[in-house]
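Following this line, the structures themselves.
Heads up, the next two complexes both have chain A, just with different partners, chain B and then chain C.
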Partner chain A sequence: MYRYDEFDSAFVKQRVTQFRGQVARRLAGELSEDEFKPLRLMNGLYLQLHAYMLRVAIPYGTLSSRQMRKLAHIARTYDRGYGHFTTRQNIQYNWPKLEDVPEILEELAEVEMHAIQTSGNCIRNVTADHFAGASADEIEDPRIYAEIIRQWSSLHPEFSFLPRKFKIAITGAPNDRAAVRLHDIGLQLCRNDAGAVGFEVIVGGGQGRTPIIGTTIRKFLPKAHLLSYLEAILRVYNQLGRRDNLYKARIKILLQQTGAEAFARQVEEEWVHLKDGALTLPAEEIERIEAYFAPPAFEGLPPSDPAFDVRRFEDRDFARWVRSNVAAHKQSGYAIVSISLKPEGEAPGDASAAQMEAVADLAEAYSFDEVLVSHEQNLVLPHVKLSDLPKVWDKLVAFGLATPNIGLVSDIIACPGLDYCNLANARSIPVAQRISQRFRDLNRQHEIGDLKIKISGCINACGHHHVGHIGILGVDKKGEEFYQITLGGSADENAAIGKIVGPAFSYDDVVDAVDSIVDTYLGLRQDNEKFNDTYARVGITPFKEKLYAAA
Partner chain B sequence: MPQNAKTPKAPALKAVTANRLREGDVVYLTGSGLWSPWLNQAAVSDDAAVQEALLQRAEADVAARKIVAPYLVELAEVDGILRPLSTREIIRAAGPTVRADYRTAPLVA
Partner chain C sequence: MPLLKDGQAIDDPWAALPETAPVQDGTTEPALDVDLIVTLDQWRAKREALLQRNGRLGLRLRSDQSPAEIASDLAHFDLIALEFPKFTDGRAYSYARLLRERHGFSGELRAVGNVLRDQLFFMLRCGFDSFEVASHESIAAWHAAISEVTVLYQPAGSGPATGGVLGGPLGRARAVAAE
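Then we have the complex of A and B:
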């Protein structure tokens, strides 16, 4: 895991001191709210529907147990005992007091964390595959490059005031778990014909009111040129991206209006001035960062474990959890454990301080001190021995963290929605809660199989509704909450934007509508066909007919 | 002719809401000029001039660093209980609907 060097420590500490002074000046009346607002936003502090909200960056979703314990401590000491893990692999606290925030940032700095660039029109926290360093399908650990990008983009003077916010995601695996086609820049580690490892560069993806799948503007970028090429893209965007219209300011609009080919040419022209310059990554520098992400000291273990097999045979609940929440590891005798933050009836992504501490303890004891946060708002213990799985499960059960629903119908992404957010038009979390209650029969969930429901409370699409197999968008109709449903979206390597199925449903009716869609799917699917495959085969009509038959 | 006779709809009852600067808590301006977490203690009026005066008092408290981001919220009074018209403001007044222990304040104090 990466550890701060002197530069990281210096700028994070400096920022804490600066912000402490800014808060003091605000409270003393030397700064007006108009003057203070941009300063607090640069430190991830929003004023939301009920209170201030602090968004803390979790670089590429990776935490040590010490960091996780600190997040728990902050939740307990300065907030209401819980935190909310987000689709950007960050954590948000919903109730901090302004006067406490400098102290919170000081405590975060102690564990090499901060809230810088979690807001504003800058390069945000770089997200990565939540199975990074553990999955068998990975070419290389994407976090090596996410960290290099973090260092380059942190406090980058030229890119601190872009036309709009800028999100970069990176995956090292062909099975895309990081939604790289739905980011301003997506990077996919790949091999060229000569066998060298580099990046496919995908630009201009995004969700929001204009959902667009990103375009590959370069099939293969050698590692050495990663930063100079990113800088060229950002320069073109910074110069030509629209600043006159908030809704047309993202790079996806620039790319659409310029045309992908012309845009790529502009990037290449800019790159000529940057390539082979100061931003070139020497092999030694890549190796230096790579060393931080070196695989832990795995034991040489057989691919199966008798105790694990016995427990799985004897304990059906354990077996069911293994089926949905445990994934194959690249190392023989190890497994990847996904911890569901979606128990029935709870808010997706919320974790109490006690739960965070339990996960920290488990990571320390059984997963080489490492936890990952997934963009699907769950947690991951990346390196667990098969023989330890029963112990890990027992503790997860005790803390309400063992819901066996990863990838299933109740593993819902939901934005904070109208319960917390100033921008929302409708609630998201209670809809997710009610769907999870409707499908409370876990055996039925397993029978239904992989099904991704994603819910946003407004068109900004923080809940990724465009790319849900079933997407739900909250809208306001004359002061009432309504929900528009889309079908067939996908965030993975087969990225697709869902299609609107028909008129929106009321808050009361939306769960029945989801149930109807699932029923239609189950009635039509052949063998083990996935939802989107059935949908692609039969089209939207059968779903529509059943949904609107009664009306 | 009084102005409201032209419009069929009765003018809306409004109160001023804001957040406490230090803590961030949602508050409502009361008749005595204090800020209360209880909506039912809010000073209300359906007179635009009075509403504007309430907002002016709030702006003075912004300058005095007591509160931030004040604005008028539309209400209805039913059986002596004030209730916001929009879902957003109902949730803002009572807290998130997602878990009982997240609630900030009941609508009725």
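Then we have the complex of A and C:
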């Protein structure tokens, strides 16, 4: 895992001192809230419906047990005993006091963490595949490059006041778990014909009120040029991106208005000047960062383990959990464990201090001290021996962390919605809770199989509803909460924006509507067809007919 | 408005050409030897007359006017002032770097408009070297603003990165080689 060098530590410490001064100036009344706003936003501090919210970056979603324990400590000491893992590999604290924030940042700095660039119109925390370093389909660990981008983008003097926020995601595997086609820039590690590893560069994806799938503007970018090429993209965007209208300010709109080809040409023209300059990455430096992400000291193990097999045979609950929450590892005898933060009836992504500590203990004992945070608001123990799985499971059960629903109908992404957010039209979390209660029968969930439901409380799409297999969007109809449903969305390598199925449903009816859609799917699916495949084959009509039949 | 330059608050030796002033009209025209800052429109309209003056010339650009538009004229100017209509409008950061790093502009690069203490650090790094500041915060506060962070991950107008993958001995050597 990446460890700060002296330079990184000095950087974060200086920022804490700086922010301490800014908070002091605010508390002393030297700064107005308006003047303070951009400063606090650069340190991840938002003003929400009820209180300040602090968003802490988890760079490329990777945590050590020490860092996880610190997050638990902060939840307990400065908040109400829990934290909220978000879709952007961040953790949010919903109730910190302004005067405590410098202290919290100081504590975070002790474990090499910070809240820099988790908000504001700058390059945000870079996100990466949550199976990085563990999955069998990986070409290279994407975190090497996420770390390199983190450094380059930290307090970038030219790009700290962009037209709008800017999100970069990176994946090292062809099976895209990082939604790279839905980010301002998506980077997909790939090989060219000569076998060299580089990046496919995808630009202009995004959600919000104008959902757009990103466009590939360069099929292959050699590693050495990663930063100069990114700088070229950002420089074009910084100069030409719209600043007159908040809703048209993202790079996706620039790309649309310029035309993808013309935009790509502008980038290449800028790049000519930057290429081979001071931003060129030396191979030695890439190797230096790569060494931090070197695979841990795996034992040579056979691909199966008798104790594991026995437990699976004897314990149906364990077996069911293995089916949904345990994924294949690149190393024989190891597995990837996903920890669901979506137990029935709870707010997706919330974890208590005790749960965080339990996960930290497990990571330390059984996963080479590593935890990953997924953009689906779950946690991952990336390197667990098959023979340790029963012990890991027992502990997860004890802490309410063993819900066997990864990828299933109750593994819902939901935004904060009306319970926390001042932009919301409707509640999101209670809808997620009610859906998970409706489908509480876990065997039924397993029978339904992979199905992604995503819920946003308004068109800003923080809950990714556009790319849910079933997407749910809160709308306001004459002051009442209604929910518009979309079908067929996807955030992976087959990225697609869902289509609206018909008139919206009331808060009371929306869960029935989801149930009806699932029923239609089960009735029509052939073999082990996935939801989106059935949908692609039969179209929207059968779903519609059943949904609106009674009306 | 105080002007910050080289860590000092100084009296601005430059005058702005009034929007309406006809350059040839002896009455309202600034003296021939006054250092004068003109807008892009004024420059375009009165170029020949302005070139006849004895004083130095400066050019003031709005945030929607890229220096690339007049790259070939830059040699006529000893100062370029880039506007920040709002501190959130960050286009001039790119313009500043392009002026310094691509067009080789070595005169005074002035930040004008909504220039706030906490933006100074970024501006300096992009190559600005004078700042028209609205606030009456002490010079000490401005000094603090630019010395709070000394750890630089990226090479930019003001110099190379000091650490990270682009800094360190390696990065520095390459930054020098590239210049």
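Simple rule for what comes next: the second predicted complex is superposed on the first by the 551 of 551 C-alpha atoms of A that agree within 3 Å, B and C clash if a C-alpha of one lies under 4 Å from a C-alpha of the other, contacts with A are read in each partner's own complex, and residues count from 1 in each chain.
As a convention for this text, contacts are C-beta pairs under 8 Å (C-beta built on N, C-alpha and C of every residue); 3 or more make two chains touch, one makes a residue touch a chain.
Please read all numbers here as calculations on a predicted model, not as lab measurements.
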Discussion item. By the touch definition at the top of the document, which applies to A:96: first (chain B), second (chain C), both, or neither?
Written reply: first
Worksheet entry | Greater residue coverage of chain A in the superposed arrangement, chain B or chain C | C
Worksheet item: First (chain B), second (chain C), both or neither: which does A:401 touch?
Response: neither
Worksheet item: For A:5, is the partner it touches chain B (first), chain C (second), both, or none of the two (neither)?
Response: second
Worksheet item: Which of the two partners, first being chain B and second being chain C, lies in contact with A:459: first, second, both, or neither?
Response: neither
Practice prompt. Answer with first, second, both or neither: which of chain B and chain C does A:33 touch in the superposed model?
Written response: first
Item to complete: Considering only the touch criterion stated at the top, classify A:161 as touching first (chain B), second (chain C), both, or neither.
Response: second
Worksheet entry | Set intersection of chain A contacts, chain C complex versus chain B complex | none
Worksheet entry | chain B - residues contacting chain A, complex | 19, 21-26, 62, 65, 68-69, 85-88, 91-92, 95-99, 101-102, 104
Worksheet entry | Complex interface listing, chain A residues touching chain C | 5, 7-8, 10-11, 14-15, 17-18, 21-22, 35, 38-39, 121, 148, 151-152, 154-162, 227, 235, 238-239, 243, 273, 276-282, 284-286, 288-289
Worksheet item: Which chain A residues qualify as touching chain B in the complex?
Response: 26-29, 33, 47, 49-52, 80, 95-99, 346-347, 418-420, 424, 426-427, 429-430, 433, 479-481
Worksheet entry | Residue ranges of chain C touching chain A (in the complex, touch as defined) | 66, 87-91, 93-95, 97, 102, 116, 118-119, 121-123, 125-126, 144, 148-151, 153-157, 160-168, 170-171, 174-175, 178
